[in-house]
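Labels run A, B and C following the written order; every chain starts at residue 1.
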Amino acid sequence: MTKILYSDDLTACFSAWRKEGTKVLGPVQQAKTSGFGEVQDAKELDLDLVLTDRTLKELFFPRTEPMLSYSIGKQQIDTSEFLPSEHPCIIFGARPCDAAGMAIDDELFNWDYRDEYWFRRRDRSVIMTIACKESDDFCMCTSLGLAPDSAKGSDILLRPLTSGKGWQVEELTPKGSKALLPIASLLKEGTEEAAPTAEVPVLFDLEACTTWLANPENFESHFWKEISERCIGCGTCTYLCPTCHCFDIQDEGDTYEGIRRKNWDSCSFQLFTMHTSGHNPRNTQSARWRQRIMHKFNYFSDKFSVHSCTGCGRCTRECPVDMGVRETLQAISTLPK
Amino acid sequence: MTETNSTAQKNIYKPAVMKIAAKRDEAPGVKTLRLEFQNPADQEKFAETYRTGMFGLYGIYGEGESTFCVASPETRNDYVECTFRQSGRVTTALAAAEEGDLITFRGPYGNRFPIEEFHGKNLLFIAGGIALPPTRSVIWSCLDQRDKFGKITIVYGARTVADLVYKQEIDEWAEREDVELVLTVDPGGESPDWKHHVGFVPTILEEAAPAPGNCVAVLCGPPIMIKFTLASLKKLGFEEANVYTTLENRMKCGVGKCGRCNVGSVYVCKEGPVFTAEDVSAMPASDL
Amino acid sequence: MSIQQQYRSRAKELLQDGSVKMVIGYGEGTTATRRRPIFITNPDDTDRLVLDAACKTNLAGYLLREGLLADQKSVAIFLSPSGVRTINILASESQLSSAQVVVLGFQIQGDTVKALEGTKASDFSPLIAKRKEKRKAQPSHEMTRKLEQMTPAERFAFWEGEFSRCIKCYACRAACPMCWCRRCVVDNNQPQWVNTSSHTLGNLEWNLVRAFHLAGRCVECGNCSEACPVNIPLHLLNRRMTEEVLTAFDHYPGADEHQEPVLASFRKDDPETFIL
């Protein structure tokens, strides 16, 4: 016997949560792209998508956010902080690869110094993931040791029923269980079977890759230039990656008042590491591509014991010139160590 | 070694407000600011956490923040000094600020010089041009506890006499009997009454030939100078593990989050800016 | 012989006899319908080249990549007519020498690809002249007309809506062969002319500035809209600019390499007496 949530009851669940003062967000079509938006009725959701175009990370790390405002006088400076509200919210229907990305970034945003902007949003949110029945040509979660029904980063895992009428409900964290209390009466006990999860073929040998990347001799390999020859150095892969977290800090305003913002940035951009002196440690696109791969599959894992990638495939799916980490890792796994 | 942010719920991106207590012209385009915390709690926190070697992000709201070392020693932690060259947007604004103006400071961040490991040893300080500030903070940390160390030698050079920074302090070091000062300017950079050496730092260093035994070297300078000076030090018998240096890189957050300052897998803001020459040799040279 | 086979042989010959050091073309992509830019230097690798109706990207921007043409050697490149126009514009803006570019010209017609005669950019001038007339005679695209019929407030609301999605990834800039500035206007911070933040105002500023910088230079290759990961119809802005410039100055960008840039040239018989 497992807890079952029927899709017919979903809108009622949303109402129950909203009555408690909790916002509900889910995957929606937003004028030509899909992302996460606030919903009131279940029919606003698009749960048939293999994966939303935009990632879950935007809910915790917006593409631009005001951090501080400043107001300068001769004798003093007044600042106020734009700390995110603690208004609770439930994210219904994220994919396991997206949720895993959030858990990965938790480690970074808490590395000795805690980023309150990230954690206030994380702490107030409950993530309910739906296991994937389908995948597309770009999915590669299994290559990263994850799966279409991975639990990482999720509070509640919903497994679609074979009947298509709803989901089995699997409680993963105390936070998740607590979130089910307001809808307890809407959950049924049942024995309905869950549909099999998507078959996602493993596309490369991750361990072979990490061994190659960890070898200092390969840092200077000609491979980097060859594999990144067509990269045009935009920020698409970075911005649509659930784990990429690099940012810029920019002041907008004048000498008297303004706002200090945290904005997305990308190591693919030419100016990312440019010194004021004019020296740029990563002056070629191949050096920048190498940084991207090394950071995700060597440096990050070196510090946090997990790679900075969940195999969601967006980098390849969205890249204007069909790059993405997949081709690089497939190529590396065939190279001699 | 990293210093943990002990106060819970503190906003790591919110800087402390500093008043410019003093401003000094060091060299063409180079200024020193002495800053005092406006909030006693910030001063207390700084005194608790600051160790020589750490850096800060100095800023002006509306312009941005710029990263420099803290040029004042841990033995004099009731103010913060920074020395910088005017080169970009933020440093231009900082250079234009006057005594009494308010600027911002975030820090201190990063690791430190393990000064207690230098106790009982001879110290060799080598710096070039605008790279004297981080060395200077170690020099004063040691001179403020002079009896803990053996022989202290300072080798400092700049392109021209005008480019030497901390000119007053150089005179003080020259006067002291417990410090050997070797001062040089590049060929062509001397003034008519120049009494010290003329030559590039690595050459002058080799001529001075300090003994490597029981000696720790602190070497700061532009990459090209470090390369040649390190070669000279090795010629003199120094081992890379006993040569300390600082690295700089483009920074924004200073706390390991914005993903910008790493050299290979090493984050300059978290695992640096203080490194041994051995650490630096292990880093991928083409990422520097 | 299919056009693909024909051009593979041609590419192989050019590499074997040393006429070119590299062939820039299309290869298979991650999926059956995708194509990706590839860079062939070994004559034996020319079998990787693909040419079919899916080969839509304008590859010309790769000629400016990190000193590729600095050694004065030639490069062969697969180009459609808009790609050839791109070469002309880049040459007129002193970004490359057309003498170093060997054109493998093709045109997509529905599901098929037609080979175009010619090896230098200038060989295609008659074709481009015909396309200019065709463009002039072409009525405005339906969406352009719709936008034209809106009130300014409605039009602004339309673009505000579109640009609220922009994430400032600069894929449009990176994919556009005309965006070759080593230091883009948004990368200047003394002063910061254009906000870097990706709020709606910052997005509007960026996209409008780019559209203006492309006026009289855009060849309507579609790279920008294809590249945009959030499906903003950038080509609508550029198309409108193109029509404006065509009507006001009879200027069809990339007609030949001696064409003067429309926003950077002045003639004594210009209707206005001052540059504005």
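Rule of thumb we're sticking to: a residue touches a chain if its C-beta (ideal position, glycine included) is under 8 Å from a C-beta of that chain, and two chains touch if they have at least 3 such contacts.
These numbers were taken from a predicted model, which means no experiment stands behind them.
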### Query
If you tally the C-beta contacts for A-B and for A-C, which one comes out higher?
A-B
### Query
Which chain lies the greatest distance away from chain B when centres are computed from Cα atoms alone?
C
### Summary
dist(centroid_CA(chain B), centroid_CA(chain C)) in Å evaluates to 49
### Message
Need the CA-centroid distance for the pair chain A / chain B, whole Å please.
### Response
39
### Summary
Taking each chain's centre as the mean of its CA atoms, chain A sits from chain C at a distance in Å of 33
### Task
Specify, in ascending order, the residues of chain B that touch 2 or more different other chains.
64, 88
### Query
Which residues does chain A have that touch at least 2 chains other than itself?
248, 250
### Message
For chain C, give me the residues that contact two or more of the other chains.
### Response
none
### Message
Could you list, by residue number, the parts of chain B that touch chain C in their complex?
### Response
64, 88-89, 92
### Task
Spell out the residues on chain A that touch chain B in their complex, using ranges where they run on.
67-68, 70, 72, 75-77, 79, 81, 83, 108-109, 111-117, 216, 219-220, 245-251, 253-256, 258, 260, 262, 265, 267, 272-277, 281-282, 287, 291, 294-295, 298-299, 302-303
### Message
Which stretch or stretches of chain C touch chain B in the complex?
### Response
189-190
## Note on the structure
The chain C residues in contact with chain A across the complex are 29-31, 34-39, 57, 61-62, 65-66, 161-162, 165, 167-171, 173-175, 187, 192, 195-199, 202, 223, 226-227, 229-232
### Query
Which chain B residues qualify as touching chain A in the complex?
2, 4-5, 9-14, 17, 38, 61-65, 87-88, 91, 102, 104, 248-250, 252-253, 255-260, 262-265, 270, 282, 284, 286-288
